[in-house]
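Each of the next two complexes has subunit A plus one other chain: subunit B in the first, subunit C in the second.
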Partner chain A sequence: MVTRIIHIVLSPLIALVVAVFLLGLSRIVIARIHRRYGPPIYQPIIDIIRLMNQQSISHGTLFELGVVLALAGSIVTVLFIPLGGTNAPPGSYPLAHGLLCPLSSSGGLLVVIYLMLFGPVSIALGAGASENPNASIGVSRKMLLALAYEVPFLLVILAIMSHYGTISIAEIVSRQQDSAWGVFSVPLSAVAAFLILPAMLGIRPFDLVGAPQEIASGPLAEYGGRYLALLTIQNGIQVFVVIALFVNLFLGGGVNVITFLLKVFAVFLAAELVSAVLPRVRIENALRFCWTWPTGLALAQMIITVVSR
Partner chain B sequence: MTTAELVRALRHDFGAAIQSVEEPVSDKVRVAVTPESVVAVAKSLYRDYGARFLITAGIDSRKDRDGFDVDHIFSLDKEQIFFIVRTTVPSDGPHVAAITPEVPAAAWAERELQDLLGVKADGLLDGRRLILPDDWPEGVHPLRKDIKYGDWPPLGDGTGEATYPWKPAPEGTSTVVVGPFFPVLEEPTQLRLYVDGERVIDCDYRGFYNHRAIEKMGDSELTYNEIPFVAERICGICGFIHSSCYCEAAEEALGITAPRRARYIRSLMLELERIHSHMLWTGIAGHILGFDTVLMQTWRMREPLMWLCEKISGNRKTYGMNIIGGVRRDISRDLYPEILSVVEKIEQEWAQLYDAVQGDTILKARLVGVGMLPEETAKALAAVGPTGRGSNQAIDARADHPYAAYDEVPAKVITHPDCDNWARVVVRLEETLESVRWIREGLKEMPDGPVMATDIAETVPAGHWGVCTVEAPRGEAIHYLVTGGDNRPDRWRVRAPTYANLQALPSMIKDETIADVPITLGSMDPCFSCTERVEVVNMRSGEAETLTHQELLTRSRAATERLRGR
Partner chain C sequence: MDRNQLAKWLKSPVEMANKYSLHAVYFCTGCGIIEIPPVITARWDAERFGIKAVATPRQGNLFMITGYVSLKTLKAIIRTYEQMPDPKYTVAFGSCPINGGMYWDSYNTIKHLDKYIPIDGWIAGCMPRPEAVFIGVTHLWTLIDKGKADGYIRYSKNYASYRRNQEMLFGDLGWPPLYPSESPAEEARA
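Now for the complex of A and B:
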């Protein structure tokens, strides 16, 4: 019981620290590709502290509630995702010490799919309350984009569930640690998931939800001060959740927290490198893209998996 | 067709309506016509002789002949002719028939005429204010001679409630306001988009938030030799074209010939300026599309060029080299190899970028078929520069009206038939390479000799005029100069290229999505000007005090008074 409580506190804490670190790392990676120096890695922390101290203008209860719900949703999602460790009997992995996933036994993938939609919907709710036309365009883009990547994402999840015959992420991770990683056993799904990763992370070429040059940061247009600080944290955690899920489903999770986080950084770097050399697309292009290549690949893998069983 | 034939044809068609003809320099004609026939003559020039409308200059000539001169300036590009149609209207309740219904490109020019000279243009469909602020009092027209430079109209009624009569939003649309300050527009301008979902149904434009009264300064404060330095500050990116254009127009009006070497140096600096401007633009275009890697890389490539300009002129930008009669600084022959090596390095890197852009499918998806400006529309609205050339209009002042050294070393006119944002990108990328080629040729041909004319008369006769166009990176700039007394022009009319291109914007963004508006606007490389509004926050008490328009105006006027030492 005590371990469980410690895990419930520890999990979001790791997510928070890594999320802020990822945001800082992203800026440095992009700066290096631009041949700039870029800010120090702790720049997001400075930004968040500064934003916390700035005047925050509210547009009503719903506007504030959106922020709180989005952040809460993201933090709760973390609890359902294994952050390294293993369920395997002691001895088989010397450095492993139990699975770090406080709510591993309840719901698994299905719950995560629902909870991951919680963030976008809450932000849509809050931004909608601001009645800024740029925000409402951003919200409509966010919803369309979610629709675009949810289709291949669900197919990917279905293929994995039918391959491993379970909806428990912990189970899927330990199965991968015993045999081959998901990237080898369901390769087309892994490719499809990597293709929609930028859309799920909201980075280029799919950063159209908050495109500053087009719609003045979209849903974030009216958010400032501590609301923006909280949403920055929320965004970081959301990024962490998506990548952690990818690592768990395709890269065998991690036998301990360290190897897990190393894999998270590797995937994040790969996604950022792709993102830095691409321009932003329009929402129609995003829909068309997500519903052709990733959907096609995910569907093919699902058929192969179902047939070969 | 020569000017003589053209004048003969017009005399045949309009008889006594053509009152007088002046041609002080060959191929630059000014005909005076009666106010009744101005529309017919303009229409005939535009429709029958293929003349392109450039700009209208209104002149307050009440002290000479009790009237206002309205000069419509046209260009016959193929024949290399400037053709000015002048009409003089009586000073009492001045009004003139608008040529806009026949020559659509004149729309803004005639609205400006109403605002600044108070000459009413009869028959304008859209006669709203273009330049004057919303709370500017009726009947005060700043370009009239009885208004002194720096005069202020009385403050409005203080309510600050004067508003612009925006076009009503069409049925079933919502309004998205872009500007006056918006992330991608670093300069003040306001665009109201009437959208249905993400699709732009219609739009309305309001700009000129920071009109700097430079023309007024030119005819009431500055002297002939001071103007080049103010002209260069019209634009922070392509200022040299304005000082070159003014100097060439003034030299023509005053009968001065700049030495060959000086003209080569002008061309050289103009081409260096074009390269840096196109590189800057390519970066900005990348930034608009969220492609910041392009922004950083092009600006990195551009930096050595800025250093080179600093070495030549003493400044990265705003070179301050032009003066009537030549240039103030010679370029040492020792610098030639360095100039060549810098631009050839750019050429090499630019060719790589060009290939990368050509092969980028996402960029193409964003640019091809977006922001269409069909050839007929481009022609009717007289779009210039890469905006016009991207719609297959072979308009380039360097070829149409050669100035500086382009008569000896011509520049190739680059056009593209696609009429979309992609075409405008390709035109600019290729023009950059063409400018490098010009510099290579130009340096080879550049003669030795003096850089300043010596036979300059002490006094300048009044009533002479000159007109010149210079191809800026964004399109052609036009300067029209009428000499006056007091060692300064009677009228100095400037038209920057964006003035012409912005008028084409509504048709370019119609039926596009909001996502494409910034890049379409960016594709014409718009150049507005900069200003700021203020909110004062008392840090200690945390109280924010927002200044009203009225208070801002009062404060800034007090500050100006202080500076003037009144």
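Now for the complex of A and C:
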């Protein structure tokens, strides 16, 4: 019981620290690819301190509630995702420790699928309350983009669930640690998931939701001050959740937190390298892309998995 | 991080964060905006100093007025400035906002921008080079350090007179005052 409480406190803290670090890392990586020096890695912390102490302009209760709900949704999602560790008996792996996943026994992938949509919907709620036309365009784009990447994402999840015969992420992770990683056992699904990763993270080439040059940063157009600070943290945690899920499903999680976080950084770096060199696409191109290649690959893998069972 | 500044960070983190996280509202008011893309992109890379361009006034705290200010633009400038959350800093860029510059006898541009909104710093030149922007930013840091970049305080204190200047130009502004007048005596004098 005590370990479980400690884990419930520890998981969001790890997510928070790593999320802020990922935000700083992404700015540096993109700067170096642009042949700039880039900001220091702690720049997001400076921004958050500054925003926390700025005057915050509110547009009503729903506007504030959207921020709180989005942040709460992201933090709760973290509790359902294993952040390293193993269920195997002690001594089978060097430097291994118990599974760091406070709510591993309940829900699993199905809950994560629902909770991952909670953040975007809450932001849509708050942005809608601000009655800014740019925010409305951003919200409609966000919903369309979610429609675009949810189709291949659900097919990927379905293929994995039918391959491993379970909905528990902890079970999937331990099965991968025993035999081959998901990248090797469900390869086409892994490729499909990597192709829609930028869309799920909201980075280029699919950053059309918060495009500053087109629609004045979209749903965030009216957010400032400490609302924006909380939404920055929420964005970071959402990025961490998506990449952690990818690592758990395809790269075998990690036997301890350190190897898990190293894999998270590797996947994040790969996604950022793709995003730094590509231009932004329009929403119809994003839909067309997501519904052809990733959907096709995920569907093919699902058929192969079901037939070969 | 500069180790000499560690004590300052511990003493007043808010002030230091205000200094090193200047998010500029890119509102293209005149010809001077052409000097800003080189400043924020690969050639001069203002992001080194935490300066970033943001798209909406709600998220920014640095307002650069780049180049001449026509009457129509001034109205938008005032609205944008009033939408920005405190603390906010304004920098006028180029000769035109200082004294009219080469448009000193134009019928449609204003000569002294600081009659209408408070200005914290000026960057003179026609055009100032991107290096001048960085020198201006380091001067702004000094001003924030000494507590002299207090344009937003001056605006709330002397709002009646700023508003009077704005209304002299436009007649009715079309939006309610940002700070409703404090005392009836002030009202009577106006």
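As a convention for this text, the second predicted complex is superposed on the first by the 309 of 309 C-alpha atoms of A that agree within 3 Å, B and C clash if a C-alpha of one lies under 4 Å from a C-alpha of the other, contacts with A are read in each partner's own complex, and residues count from 1 in each chain.
Simple rule for what comes next: a residue touches a chain if its C-beta (ideal position, glycine included) is under 8 Å from a C-beta of that chain, and two chains touch if they have at least 3 such contacts.
Please read these numbers as outputs of a predicted model, since none were measured by experiment.
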Overlay on subunit A: subunit C relative to subunit B, clash or fit: clash
Contacts of A:P133 with subunit B and subunit C, given as first, second, both or neither: first
First (subunit B), second (subunit C), both or neither touched by A:Y223: second
First, second, both or neither for A:P39, with subunit B first and subunit C second: second
Contacts of A:R282 with subunit B and subunit C, given as first, second, both or neither: first
Subunit B versus subunit C as contact partner of A:R204, first or second or both or neither: first
Partner chain in contact with A:P187 - subunit B first, subunit C second, else both or neither: neither
Touched partner set for A:G107, first subunit B, second subunit C, both or neither: neither
Contacts of A:Q213 with subunit B and subunit C, given as first, second, both or neither: both
Shared subunit A contacts, counted only where both subunit B and subunit C touch the same residue: 34-36, 55, 134, 212-213, 216-217
Touching residues on subunit A, where the partner in the complex is subunit C: 27, 31, 34-40, 42-43, 46-47, 49-50, 53-57, 134, 212-213, 216-217, 220-225, 228
In the complex with subunit A, residue positions of subunit B that touch it: 174-177, 182-184, 197-198, 286-297, 300, 360, 362-363, 365-366, 513-518, 542, 544
Complex interface listing, subunit A residues touching subunit B: 30, 33-36, 55, 133-134, 137, 140, 204-205, 207-208, 211-217, 276-285
Subunit A-facing residues of subunit C, complex: 1, 13-14, 16-18, 20-21, 23, 41-42, 45, 47-50, 53-56, 58-59, 61, 85-87
